[in-house]
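My questions all concern the structure below.
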């Protein structure tokens, strides 16, 4: 079943969506991200892989300034979204995050109803004009996150009463509902069963048509299945970045190779 | 328990503390504990029974009632000594910079009553300023701070000022005539009750707190006229301008002579069973009514207590521990 | 990846540097929201500043007191008629006798130095002394009978009105109207001051001395009240905090959730709404009349205040116990910790900040409350210090708020300053009590 | 042996038992504590508890019972004719006790015990024990007997307590075996303690209701039930004939509390939000305790503040220009000032609750582009709601129970009016003033205080039940 | 890399460790587990698989009575541990949980230091005699959970400051440190990278020598790699239970087959 959806990949040489230049991140004194340079393309799925604790989540959070919420976290360098530095003083992180959405590693539904969880984003961003439109957005987001069938009869039940996997899909639905330009997903499928995983992967593929998706994953297979570009992190460094097929077949860095073949961690 | 415990009226409290302090200083007994909390509460505590965890003396600004004596009896407190140690004058005073007032009870009645007599008829009181009450008074808004119904002073105010004013102004007779009471007694009762019906539109403000509150209210409301105890006024003559009543300026002397009309006796009640058991109790009550303390030149009079002309009789009674007889 | 899909026009690009209208609106609302927060805090702070300012402005002067330096000859003929220095005999000389000696000494000193203003009688001149001064002198002599017959230098307390002169409360104008002091007396005081014999100094007695009667505002102190409050707070802290926390733990973590626990929950919330004087009624009925504990004692006061504080602590504690995430409890239970261990090792430390807050607020309430003490005999004039604990818990005592209450009710305006001074002491007391709690709270505060 | 020392000995024994119990438990398994059922400390705890608790309970019981027994036996020694008329046996007994204590003091000082009753008063006076009168021989004999019995009783108690402590000690030590479920035993005990603590709340309620109910019944015997509950006037009079309708008071209570909450709740919640979400650690560390000072300022200060500053200001700036009267004491004055006092109740407790909301919820909201205020309003506040409601209820409770501010700020006149600039008063104020007034105790004017207390109790109970239902409805559990 | 550790499986016909009989679980009115009968063997790794929301976590929690903490949760039926009913009134759930440890789906480290997190279990169960032994236990548990290298220099740092995967491994270390007889793991590897996953799988294999391990997983490969027995749940029913090889090669129930081949979810 691994390769049930393996298909030919066409990495269109699209525009650069996000470009990181010499990014450094510190947690207090500990240097979590070192000198990372990367260009993330539009309409592309980029996978971040690497051993646990190497800084994938950290780097992902810098892309929509979620690290602002961690007081001890400090970022240096430039990150350009469509050519504009998101760390510029003029930039409003709120507007940024509306364009660069995020799904977290641990599911974190709000203590509200399932409906309200999903409707939250569209409401605050004013994406819909009336209740009917909102209902539609919520339904389509839940469908995209492959949750609609399970929850359509209990939209008013609290989101916290769902199972782990359902919660995670709810969070995905919540992020998708705001239709961001870039979607950052931190291990979105780790709590999902294969079917749900396949659905989410399908969603990612769909999103790619319009948006850029960055996904952190521990599953090499998943990276191979859904991404066109792969970045390999190791101990805070971006070791290698390139086409997924190339990374998985002929990695140029020995560290990448040993990771993929399971020798370092 | 080694020390004497007393409780009761907050009007008596200052005198009791002065005595207690001097007693503690000059005798080998501990200083008595003086609680305040109201005459009613004090008498209730006195009547709770005999024994160490009940008090010895209740201070009271009004005379004990038969109901209280009955309660005492039913709790085994059979013998109580009633000690009247002086009088408290009640004065009207206003902001020091304000105009002077010379009241008669009828003026105050005319200012505060809900209904007043006018041209032989009972009419609702519409007076706004003192000038409306009586020509010759200043055009100052009527605003009087009178004691709340919890205070014993209110009773004196009601009977000696309001009812007296009611009678003097002729309203009493009109009320009595209008009453539908069956007999004369009932009619009188109705009339008294009608006299005591005070305005509710803000002209009279009841004060549940103490004279300090009244003083503060006058400071905040320059139009206000307050009801104070004589001793309180004497300590604040630089802030208050006292009004005369019936032309008499209140002072220890005028009250003692009976010229100033508004005053009331002050009492304390001693549980006789505790005499001889609670150390120093006998000494304390003797000391309290001695000439050095309660006499005309004693510290109590200096503070504003009107000495009792019959103090010698009281001293004799206290010395012999005479319990009070039935109420007259 | 169909053909139409790729043809969908990319959403209109907005520059990050330019805020769109909606974001601007939202940011404005954000700023407004934040401003409300700042305004709320500013409101609280300004109210606090005004209150503290008025308390300090009125009360700081209570910590200084005017005294008159003078030489007093302790005449043996007056003070010890028997001449045997027998303490029992000595005690027979009352404060009246000492008062006369003091008065003479003052008049003599003033006349000798030419400070007596014209037209001031000797009696009035002596009136600038406090009535407490003879009592102090008497105590001094009784403690050391050898002084009799010698001349001692003492600093006698001045009368409250004279003290008021130095503190600006009393002026020549007010003295003209004041029946308790005459302008001539003020002149004498001024002369003495100019001669360096009358001066303000730190008033240690305000903190240590017992209360004084209405005629001696200058001598009134807070000693008994401070001890009484201290004893009561010891009792409250020792009882209310453990009982409150224990009850909350039981209700929140152990008790089954059913109508009965609901009833208890509502009941506790309701106890918080019971007027404090009703706790006084309860204390009178249960502790004094039923259990036979002594009147006016810190023990009864402490117990009553404990009962009054409990609901506050329980409500605060339960709210913060509730806020501890269940996953932490699961984690501990999952590796075989017992419920008790889970609660005491994990839940309680995480709930500590809230518990501390509840304790601070509850204790502040208990420390400042007068009404329940009314009925158990603590709103009283007490001059003898209670003994050291535990016996002292049974001796009569006052309390700081009672002292404030009593001071504000007294006729002499000098007591107003004393009332504010007592409030300052009370606040310092409160601050000392809270420092530990606040430090603890900060230590335990963390986000998870 | 004094009670203090005895307690100390028992506790010391128990503490020793703790150490020993732990030691033995460890010893039984030769140091390999893995073989024990529970941690060694729990074995120590059981020894501690078995040693201290029964012994101390016995002591407590003994101390309660012994005086009663001695009383009875000594009381029999006093001839009825020695009890002065009007006095009572209990007063004579207190004299007996005082003499006995004095004799013990004399003995402790090494002086001679006076031989006959005549010299007792003087002898006691010398050691600082004052007596009211001279001592009668039978009383003196009784006092001596009393002293002797107390001494024996005291000794017997010491022995009994120590024996019990040792027995408990031995029993607990003997029970120590590796398989002994020490943890369960000590936890059961802890649980019993917790239950005991919770029952304090219930007992308090019971006590309050009981102490109010008798006098309330008494009140309704002298004042008609219907007038109290259905009359719309409150007008007590000194000499009787009062109108004592509760409604004006209830109305005043609700009105004043409402205004107080209208001030305290928004200010408190916004302060809490600012402190928990926006303020830096340093600001928070300073501001929070400062706000808490507001709760610690005695209410009399607020009362004076209302009376002198706020009242006249509101009158001059609002009431008079708006034509709403010219009273400086008003519901508004008291409400606003009380609101200030209540700020920390809302702010501090809510701040703790808001702070406890997990960070992941905030992250989730920021992650989809919510502003901080949107996050707070729509995610954090709902999550913290039950706690915040608790804080608000607490503030409301204090508002209902407050006296001083109302007396000085709103006055003492009971009135039913909609005008917020009118003077009104609350139930609590009237409870206090009727109870501490100069009126005769058994009159309805005083007794009404108890009826007011009980009615208020039932009334607030109703409000609390309502609040519980509302919270239940909106409660949201996170994680 | 899927089969890098595929090896021959010998399912020893060992003793039954846990035996569930007619187990029913309700959340309020909703019937989450229906009539489950299962015998879990000693010294065996049992995998629970099934679509998200099918009741895997719920059933797992009934095995050490963790569901006691959910007020609305009600269990019927019998669960025997070594022949003793764990829902018997005489059973102390604390003792039970010391023997049946659990790792949760969401990592939930205590807000304490890393060391204290791991040492907590041994401390409350009195598993060590002295500090040195405790240090040893902590070290070996962290090593088993493949976390030692990353945290050995910051044992006193708070456990909540770790990355997601590190937190999960910390929770595994915490559970292992008490050496339970049965270890229940709810998706222990979902947040882990392949290397760490491999290490945890190795650990599971190691534990099997002495203990019984039950693992919930969404990864069919993982189930195939580590388990000897597999149970397939679907909508609260235990659809099929048997040897892992059999389940994956010739499932007897059509629902199992469609799940494994990715058709139902």
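Which chain is which? They are A, B, C, D and E, in the order written, and residues in each are numbered from 1.
Here, a residue touches a chain if its C-beta (ideal position, glycine included) is under 8 Å from a C-beta of that chain, and two chains touch if they have at least 3 such contacts.
Small disclaimer: the values here were computed from a predicted structure and weren't measured.
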Partner chains that chain C and chain E have in common: A, D
Contacts common to chain B and chain E (chain labels): C, D
Interface with more contacting C-beta pairs, comparing C-D to D-E: C-D
Most central chain, Cα average position: D
Distance from chain C to chain A - Cα centre to Cα centre, in angstrom: 59
Distance between the centres, which are taken as Cα means, of chain D and chain A, whole angstrom: 56
Centre-of-Cα separation between chain D and chain B, whole angstrom: 35
Computed distance of Cα centres, chain C from chain B, in Å: 32
Residue list for chain D, restricted to those that touch at least two other chains: 183, 304, 358-359, 371, 374, 435-436, 477-479
Numbers and ranges of chain B residues touching at least 2 other chains: 1, 28, 37, 41, 52
Touching two or more other chains - residues of chain C: 26-27, 30, 326-327, 338-339, 350, 374-375, 408, 448
Pairs of chains found to touch, sorted by chain label: A-C, A-D, A-E, B-C, B-D, C-D, C-E, D-E
Partner chain E, residues of chain D touching it in the complex: 31-34, 36, 38-40, 181, 183-184
Residues of chain C touching chain D in the complex: 26-27, 29-30, 33-34, 36-41, 43-45, 47-48, 50-52, 54-55, 242-244, 246-247, 249-251, 254-255, 262, 264-279, 281-282, 284-286, 307, 310-312, 314-316, 318-320, 322-327, 338-340, 350, 353-354, 357-358, 360-361, 364-365, 367-368, 370-371, 374-375, 390, 401, 404-405, 408, 419, 423, 426-427, 430-431, 434, 438, 442, 445, 447-448
List of chain D residues in touch with chain A within their complex: 358-371, 374, 378-379, 382-383, 476-479
Contact footprint of chain E on chain C as seen in their complex: 257, 326-339, 341, 345-346, 350, 446, 448
Of all residues in chain E, those that touch chain C in their complex: 64, 66, 69, 71, 93-99, 101-104, 106, 108-111, 120-121, 124-125, 160, 171, 174-175, 178, 180
